[in-house]
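Two complexes come next, and they have one chain in common, subunit A, joined by subunit B in the first and subunit C in the second.
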Partner chain A sequence: MSDGTGRIARGLALPVALLVVWQAWGVASASPRTPVPTHIVRAAIDLIGSGDLPLAIAQSLGRVFAGFAVAAVIAIPLGLAMGASRAVERNVDPVVESFRPIAAIAILPLAILWLGTGTPAAVLIVAYAAFFPIVVNTVAGAKRISPTLLRAAATMGLSRFATMRTVIVPGALPAIGVGLRIGMGVAWTAIVAAELAVGAKAGGGGSGGIGAMMFIFYAYSIELNRIVVCMIAVGLVALVLDRGLRAMMRRLMPWSAP
Partner chain B sequence: MSAAASARGDAQRRIDEQHTSSAKLRLQHIAKRFGVQGVAQTVAVEDFTLDVAPGEFLVIVGPSGCGKTTILNVLAGLEQPSAGRALIDERPIAGPGPERGVMFQDYALFPWQTVWGNVEFGLRHGPAGDGLDAAARSDRARSTIELVGLTGSEQKYPHQLSGGMRQRVALARLIANEPQVLLMDEPLAALDAQTRLILQDELLRIWGQDRSAAERRTVVFITHAIDEAVFLADRVAVMTAHPGRLKAIIDVALPRPRNDATRADPQFQALCQHIWSLIRDEAYRATVA
Partner chain C sequence: MQLRPALVYVRTMAVFVAVWWLVSAWTANTVLLPSPRVVFEALVDLARDLELFQHAGISLGRMIVSLVVACALALPLGFAMGLRRGFDEVVDPTLELLRPISGIAWIPLALFIFGVGNALPVFIMTYAAFFPILLGTVAGVRGVDRRLVDAARTMGVPRRTIVMRVVLPSALPALLVALRLGVASSWTAVIAAELIGAPSGLGYAVEWYRELLMTPQVMSFIAMIGVLGYACDRTVRAVAQRFTPWAADEWAR
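Here is the complex of A and B:
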């Protein structure tokens, strides 16, 4: 056995052992409320094969992208303006900071009452959730730009707008990237919560999405194995989204050393 | 200062201006203090008065902490003096302007721009490129990059370059903008000795030492290399530290164009010796302290 495979084997030992214990416990308990690894695998195959899980994920992703886009389109310009101008920051920062502690899920009642139990309410909640990490990081990025770079731009006679476009935006880009990644994670968390709650309100999951699907498995047909499949899917999708954003940022910022 | 005294000062200043020939840059009784008045106040520069003629190559030398960079920043419009006036073409300097190009001590390169992007930056985004089409901008960038010996590195980012190469990018960016006044803060300090000599020659060429004085740009250049100061300068302003003051102005009457023969000239050696004698005591004190 080579050294590399040895290391992999040692790394896998604990997870495999845990799975075996879990499986044994599930089989022994024989309760429908105990999820069991082999049943989870079967449930996953069923849900993917029927197309239900891919459809639910697609619906949720659509809402996340819409809400995320709305958040980014508002938060990035606002954050740049706050970072570049003391006056703007003084006025806007107290408003942002007083809303920031209010969790996205806390505005759910308003969202449902205003927009119903469909996609618009979910998009609003996602946008609200993603807005704060994006704006806070953008402000920090715009403020952290080296003063000598701003001086260099000033001595070359750049207008305010040109300085914003050619110095502040690229200088803040790494921080904006961090904000977008955190925002995307928060957006994905928010959509599951929102769909769970909206699903409850809609009564029967007409609203769709991965969260509503989990609600059905929880409230109507108690199927823990399927809920676990949904949880794993949520985690995997989040990982893919984050890696995608990271790759995109690397492409946008070829100057930042890896 | 009372209003009457101030009015008298202004009147005197007007008379002074009538009597001296027009200067490109004027520094009149410049002082720069940091901190709260009286309490722990640091005086960076005290009563600094100097005119720079159009087309003059002025070099400022002095020990660390003598306020050389402060003087340059005042001329650039990046710092306001605590007292005194700074003028360009007899108008007060209110802020930075594209007619005064600055080469910063820490280069101030844009990390997200390649060598090419940095050199072309002012032409693309600032008024230096007004009236130039894309082809003319590219030509300017290409020839400037060639001038500083960075051909082949156009697509590299600053973090991929050595300190000396970064300094050459900063120099190229300044030159590409072709400002009337070049303000340079130790622009050759990070270069190896050979490159430094080559770029001193190039700098004189860019400044226009082969052209008539009327066609030359105006340069204010900071260095602490005395031989560099003498080689380049029409005049060398020698400063002392704590507080920063102008100690002497030395005329460098060496013939132009200057070249390698200049460095062997006994007059060149004598001038270096003389300037060294002016700052030696302070330099020793700074080293021991």
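Here is the complex of A and C:
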């Protein structure tokens, strides 16, 4: 019943009101450290202008993509095998299910122990985090294929490999896409957590990335405005990754538009 | 036939432990990769000292507090957003702006506000659990069959009663799914929050023993995190099966 502009106005009313209250509260508190919207904008311009923020985001994204690729390369074939063969699933599932409830960040201490505080440990955490959503969704997708199609393939004398290539993989693709999208979200959260924790526990060893950057602003040069800029950047990157993957899926698999 | 899945499970885990033992024997370095036996002994020691259970109890307690807070905030808000379009249009954009910022990203700012202690992990977990519960509630309330609400209204049932007797029962399965997602996401967040900014809890214990290079203890606590995460998920599923038996199919696995 409401026209488009009225809806947008109502949607913007609350954020704008909150920003005004925040700014007023910050000015009233009269402490130069209190983050207020105007200072945050200035901090954002500084951080982007100096190239620090883009570099940190690029570092974190590089780790995410590397870990994500490792996870996808392992999880998709494994998931397809588990979904296609009951025997494989029964034998592998216990290991997957035993490790799934262990949060990726919990194995960070082990990753630091094995690989140090640099990029390899971060990549391991990301790969671990992204692995489970991808494998679970791939298995579900491969299992959901209509038995009629599988029987038709068997009747036509298709080999196992040909069945996999022509029936199971195309049928499971939409579910794999969902798994990749969830995995990417989890991976991004995991890298921020890992970099924060490394920054906190490795004595600011300068391992880079946006999480480490946030921790440096917290611990060494108490700059809350810059921390808020980093938080907004984390949110924006998450949003862009999610929307980007969604658009890519729609492009590649128009028949399964989620 | 009932016993066979359990047997397969045991066999798979036996293979896993055997491989682990072989690799640990090959590396021959207790700090890098202790053998399964050493880890098991450390686990038994930690359990006997009750240290394992103390940290686990602290983490679980924090999770329960933050789930209660998250539900107290998200359920009324979700019902209001699901039932009233106008309210949803006002509130939803603000929440969608906040949602992509993960709970983890709040840790540095929250550390500054709350300091190291109980408040930080509780805040982070509440934030992490809030959004899945809210989204699930809104979707569940919206998914209620309009005809049921209309029928109740035709019979002159007051609005309050419609919400309590019609909307709530039919949205309940969706609410429980949302709760399950909230539990999972807050359990992930607690480990990160405790690892960085708490003087106790499972996340803290893992990091503490890593600094001491006591890997068997690190692995024991990691195992405890997994076991408790699994147990929490099972508990929510059992509750869901008990209270919404009509939606049991969704909880079969």
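Please note the rule applied: the second predicted complex is superposed on the first by the 247 of 258 C-alpha atoms of A that agree within 3 Å, B and C clash if a C-alpha of one lies under 4 Å from a C-alpha of the other, contacts with A are read in each partner's own complex, and residues count from 1 in each chain.
We adopt the following convention: a residue touches a chain if its C-beta (ideal position, glycine included) is under 8 Å from a C-beta of that chain, and two chains touch if they have at least 3 such contacts.
Here the structure is a predicted model, which means the values were calculated and not measured.
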item	value
Subunit B versus subunit C as contact partner of A:248, first or second or both or neither	neither
Which of subunit B and subunit C A:21 touches, first, second, both or neither	neither
First, second, both or neither for A:193, with subunit B first and subunit C second	second
Subunit B versus subunit C, judged by how many residues of subunit A each one touches	C
First (subunit B), second (subunit C), both or neither touched by A:166	first
Which superposed partner A:156 touches (first subunit B, second subunit C, both, neither)	first
First (subunit B), second (subunit C), both or neither touched by A:114	second
Residues of subunit A that touch subunit C when the two form their complex	2, 7, 10-15, 18, 90-95, 97-99, 101-110, 112-114, 188-189, 192-193, 196-197, 200-201, 214-215, 217-218, 222, 224, 227-228, 230-232, 234-236, 238-239, 242
Interfacial residue positions of subunit A with respect to subunit B in the complex	146, 148-149, 151-158, 162, 165-167, 170-171, 173, 253-257
Subunit A-touching residues of subunit C, taken from the complex the two chains share	5, 8-9, 11-13, 16, 31-32, 86, 89-94, 97-102, 104-109, 111-112, 187-188, 191-192, 195-197, 202-203, 206-207, 209-211, 213, 215, 218-219, 222-223, 225-230, 233
Contact footprint of subunit A on subunit B as seen in their complex	76-78, 95-98, 100-102, 104, 106, 108, 110-114, 121-122, 125-128, 157-159, 177
